[in-house]
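Two complexes, one shared chain (chain A), two partners (chain B, chain C).
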Partner chain A sequence: MPQFLKEFFNRNGTGMGLAILGLVLFWTIGLIILPQLSMLDFSFRPNLPPPEIGGPKDVYTLENYKYLIYGPEGGGQDYNVVDLKVFFRTLLAAVCVTIFNLILCYPIAYYLGQNKGNHIRIFAIMLIIPYWINEILRAFALRIIFGETGVLNTLFVGLGIWDTPFDFIRNDIALYAGLGYAYILLMIFPMYNVIESLDKNQIEAARDLGAPWWRIHWRVVIPYAKPGISSGCTMVFMLSAGALAAPQILGGPSSLWFTQLIYQQFNDNNDWPQGAAYAIVLLVTCILFVLAMMRLFKVNMGDIGK
Partner chain B sequence: MNNSFLRISIWVYLAIFFLYLLGPLVIMSITAFNSSEFPRMTPWECLTFQWFGELMQDQRILNGIKNSLIIGAGTVVLSVAMGLAGALLLTQIWPKLRATYYTIIIAPILIPGVVLGISTLVFWDRINRMLGLGADSFLSNGIFLTVIGQSTFIASYCMLVLVARLQRYDVALTEAALDLGASHAQAFRKILLPFMRPAIASAAVLAFLASFENYNTTTFTFGGYPTLTIELAQKVRYGITPAISALAFIIVALTVFFALLNEAKLKRQELVAAARKKATVEELAGKIKLPSFFAGNMAAVLLVVFAIATITVVGTATAYNPGQCIANVKEQKRLEAEERIQELRRQREERRKQNEAEQGGATQSAPKPSNNSGFGNVFAPNTLGGDEGTDEGEEGSNNDTQPSNNSGFGGAFDPNSLQND
Partner chain C sequence: MSAGVGVDLESLWIRFGDFVAVRDANVNINGGDFFSFLGPSGCGKTTILRAVSGFLEPSEGNVLIGGNNMKGIGPNKRPTALIFQNLALFPLMKVWENITFSMEIKGASAAERRKRADELLDMIALPGQGDKLPSELSGGQRQRVAIARALCAEPDVLLLDEPLSALDLKLRQHMRTELREIQQRVGITFIYITHDQGEALTMSDNIAVMRAGVIDQIADGKTIYNDPNTAFAASFVGENNVFRGKIKQVMGNEALIATNRSGELVARISTANQGKMKEGDDAMMFVRPEAFAIAPDGATGDHFVTARVNHEEFEGNVFNIFTEGEGGKEIKVSIPNHGQSFEDHTGQNITLEYETRNAVLVPAGELAAE
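Our next item is the complex of A and B:
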């Protein structure tokens, strides 16, 4: 038995040690690692009816990944334009939502982090309450607002600003607003945690030395808050790229989200390996993108999740 | 000057921000009380509580709530246990393994929920097949799969909450207990667990709420046990009614209530602690004068206001009957529809006259117009009756498109009537 395991059992007792180790192994290996590997393995297999699984036809193939790039064989097109377009549009939209959220939330996080008092606590409660409301209901609320006879259209048409109702849903404005809305808290909290620990004297020193407010933010606050900003951005990006509820409810009829394609493969086409392949592509692309961004902005992996 | 400008702009910004954050919830809550068939605020028809009654009779929603509660309980137990074990191991693990271990147990937070759901489904399906069990075995049960799938990432949240408190734990306490002859299990139960209790409570609440509102993972794993969120998503996707607003209102009210309760309790503890600090020895001996419950505790005041408001609303709801108002609105709608039909009729008449005039101008078609008009006269009342029926039917089922429908209806009506003529 290795030294550290012996120490571990000495410290926790055999029974407790086994319980802890058992639970952790079940979680890490049984729930996190093996299912992901199993999905990876599954994505390389053809879609077979249950009796043929494990049979001679059950061999590894790149078919499912090829499908995403080239489309069905003999489909007449060189590339699977529809799915690829959805894929890149999803990534681009997730980036836009992340940037929008960052710009929207930074002033709030700064304000909450640098002020103290009763009203800050009230603000904090007001921030948390929407987060505990069901994701579906939040999307539903936005649909009431952005609908054709919704509050906004009634207001603007009533005021005479527009002649005809504007179709927010078909133009994807409702979708972006909904995605941004859903993850505001996840952007604010990491930033708030970091900015709260910033010594006020640093800001005052910068002010005394004659820096205008925007330079204080650019040279003092933002560099200090970088770990918080990056973990907020990472979370919002990953979650909005992987969102399913908001696109289903707020998305227009013509615009699909990549997760909706995965959902369709699973539930409508009943093609699990294909769906698993799409899910792997989404996961790997998102992770690579986040790692690239972290390299670009010189953020350490250890700072994330603090 | 510059300073006050900055301050004002900050407050304006805060106002816009919170309007974006809370406005949709407020509007959604208000729509629950409008008698309009489609959830909307304008035009306001009647104050009604009928949607709450409808909600209470919806078997699918009630069944969804039941499933959600079962799954929530399972998820809380499993993920708090795994989170606690994970946190304990994190504080003791061999330093070289620590970073890798941390990455693995934090990763589920960042993995998209869709991916977690799919991987759980695929993996347990495979295990099921390996063991040679049928499609109705325990391992392919919707509740089991959902609990497992949700716990994968909810345990990470729990771990983060628990590890924050565990870091302040003094290991010497456990060692002292062991030296005094306690077994490891006893030391855990009597020393560590009481210390961790507040964190375990918040982790459990967090886990339950996360499980209750989860959609992305559950949508792949629920099998034959749809949770409340799944049922809601189905309803929202295929036709929305104010009954959903009513449910949302209840959830919003409960959330606000518990948030205020928690805040009031925290504030009260703080005030008591402050009073204790100031108290003299004599006062501490027994007759410490605690500040009254509401003094300086805004959350408590709000809580009481909120409770009174709830009682008032419920009281009104039992006594209030919107029947008259709804009848009025219906009557008004009927009148409007009739007016519209009259208008259309008038237009048609005019057009007919115009036609007649044109055709009368043309030679050789003298008998035709008279025939035409005679047929039109007989036909008109019939079409009127039919139209009234369909119009009302449309009003009931498809209210959301009503304004655009109006013009559409008129447009559709005109060519039809012309063709008929």
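Our next item is the complex of A and C:
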């Protein structure tokens, strides 16, 4: 038995140790790894009617992946332009949402982290309480705000600032706002956690040495908060790219999110292998993208857990 | 030395809500001085430092640096550099980047900064350590890096907020000498905050003794030790034995005190209180442990104290005798060790003798907490 396992059992006792270990293994293997593996398996099989499953036609194939790139055979186009466009637009939009969220949340996290007192607690509660409301309702609330006859349009047209209502939905503004808002806490709290532990004297020392505020942030606060920033960005990016409810409710009629395509394959087309292949492509691309970003910004995997 | 830039505090008041942290402080610090604010924690000395560095605006009064009023000028625009109690080195920057941070702000090139960092590293006896991180250095080395970082900004006034308090005793004593040397070499004004009277006495040209927001005395170390203004200054700086009583008779600069326990004793009125103390006043007489000598048995008079010995201890350089005193506080007597034989007096009465010039009389007042 390796040393860390021995220590683990010594600390928790054999019974409790086995129970904890069992739960953790069940969680990781039973609920995460096995389903993903079965998805992976699905993605390499043809979509067959139930009687043919396990039959001679049920062989591993790359068809589902090819479909994403080349589209249906004899489809008249060299590449699956529609789906690929949705795929890359989804990734790009997720990056934009992440950057927008970072810019919005950094000052909030800094303020929360460097101030103490009751008003900070109230501020934090005000950030958390909206998340007691479920995601669908929150998305619809934004629809009410951004809709053609919604709060904003009524207000601005009523005030005579705009002549005609602005279509927030068709222009994807409602979608980005919804996605941004959906993951705001996941961006704020990792940063807040790190910034809270930053010694105030460091900021004062930098100021005392003559630094203007932006340089204090650039040289002292941001390097220190990097683990929190990367952790927040990773979560927001992953979750935005994989979001379904917000695009479904707030997306314009012409702008599909890649997850909606996956959803269509599973549900509307009843083509699980095709849906699985799309989902796997999204997952792997997101992971590779995040790893590349981590390398670019010199972030260690251990930092993410901070 | 008067080449440096002086600092003046004019009728400085600092309040936090109802709490008065600094009460009417008037201090003139000469350019090039090593000046210490000495007082127990919570006496307002750090608050004064923050007002000088610009992190805090005084409620009333002015801070002048080199004769210029600093009102409305932020800490990043003042000719001061502050060394924090916890040093506040930037943990993610290398030592050389830490040291030259102030040059980076002014836009100096990396080559220039490297060169200056190497010079300063030589000065603080850490040559070639520029590429380490602060966490790779020892406590004393980090201390020196913090000093170099502050000096690199070429301040007119260096402010030090108990920078030695985190170090162990040996290192602390070594750093005292080093700080004093650095100050004499660079010739700028140092303002030093400490609760450690040893630090203040050994390093400072002048010391301000502070108590609960009030400055009791400003003088050089010798004067503060030998000629304190107040009961607090007398009891806070160094060890002191207190005798309470009423003045029976004033004789020029001396007075006869009817003490509560030890009969009538004579003392010298401290310089600041001469002419201000009169018969019938409550007063406190202070005699340092080393100012007592053991007198022959049976000697009596106005500079002899007889008391029962509670216990004795041998400290190496001195023998300490603790006798019964007033209000549960013992009188401490330190007899220098010249290798003489030393008999045990425990349980016996002994008579102690002092010279009048070593017994200082001040008005009765608050004593420093132990």
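In this section, the second predicted complex is superposed on the first by the 284 of 306 C-alpha atoms of A that agree within 3 Å, B and C clash if a C-alpha of one lies under 4 Å from a C-alpha of the other, contacts with A are read in each partner's own complex, and residues count from 1 in each chain.
Just so we're on the same page, a residue touches a chain if its C-beta (ideal position, glycine included) is under 8 Å from a C-beta of that chain, and two chains touch if they have at least 3 such contacts.
As the structure is a computational prediction, the values presented were derived from the model and not from experiment.
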item	value
Touched partner set for A:Ile128, first chain B, second chain C, both or neither	first
Partner chain in contact with A:Leu209 - chain B first, chain C second, else both or neither	second
Chain B versus chain C as contact partner of A:Tyr224, first or second or both or neither	second
Chain B versus chain C as contact partner of A:Asn201, first or second or both or neither	second
Which partner, chain B or chain C, touches more chain A residues	B
Which of chain B and chain C A:Tyr111 touches, first, second, both or neither	first
Contacts on chain A seen with chain B and repeated with chain C across the two complexes	none
Touching residues (chain side chain A, partner chain B) in the complex	4, 8, 11-17, 19-24, 26-28, 31-36, 38-39, 42, 50, 53-54, 104, 107-108, 111, 118, 121-123, 125-130, 132-145, 147-151, 154, 158, 165, 181, 184, 213, 234-235, 238-239, 241-245, 248-249, 259, 262-263, 266, 272, 275-276, 279, 282-283, 286, 290, 301-302, 305
Chain A partner contacts - residues on chain C that touch it in the complex	53-55, 74-77, 80-82, 84-86, 88-93, 101-102, 104-106, 149-150, 153
Touching residues (chain side chain A, partner chain C) in the complex	199, 201-202, 204-212, 215, 219-220, 223-224
Chain A partner contacts - residues on chain B that touch it in the complex	6, 10, 13-14, 17-18, 20-25, 27-28, 31, 38-42, 81-82, 85-86, 88-89, 92, 94, 99, 101, 103-116, 118-124, 126, 129, 148, 151-152, 155, 160, 183-185, 188, 209, 212-213, 215-216, 219-220, 228-229, 232-233, 236-237, 240, 244-245, 247-248, 251-252, 255-256, 259-260, 263, 298-299, 400-404
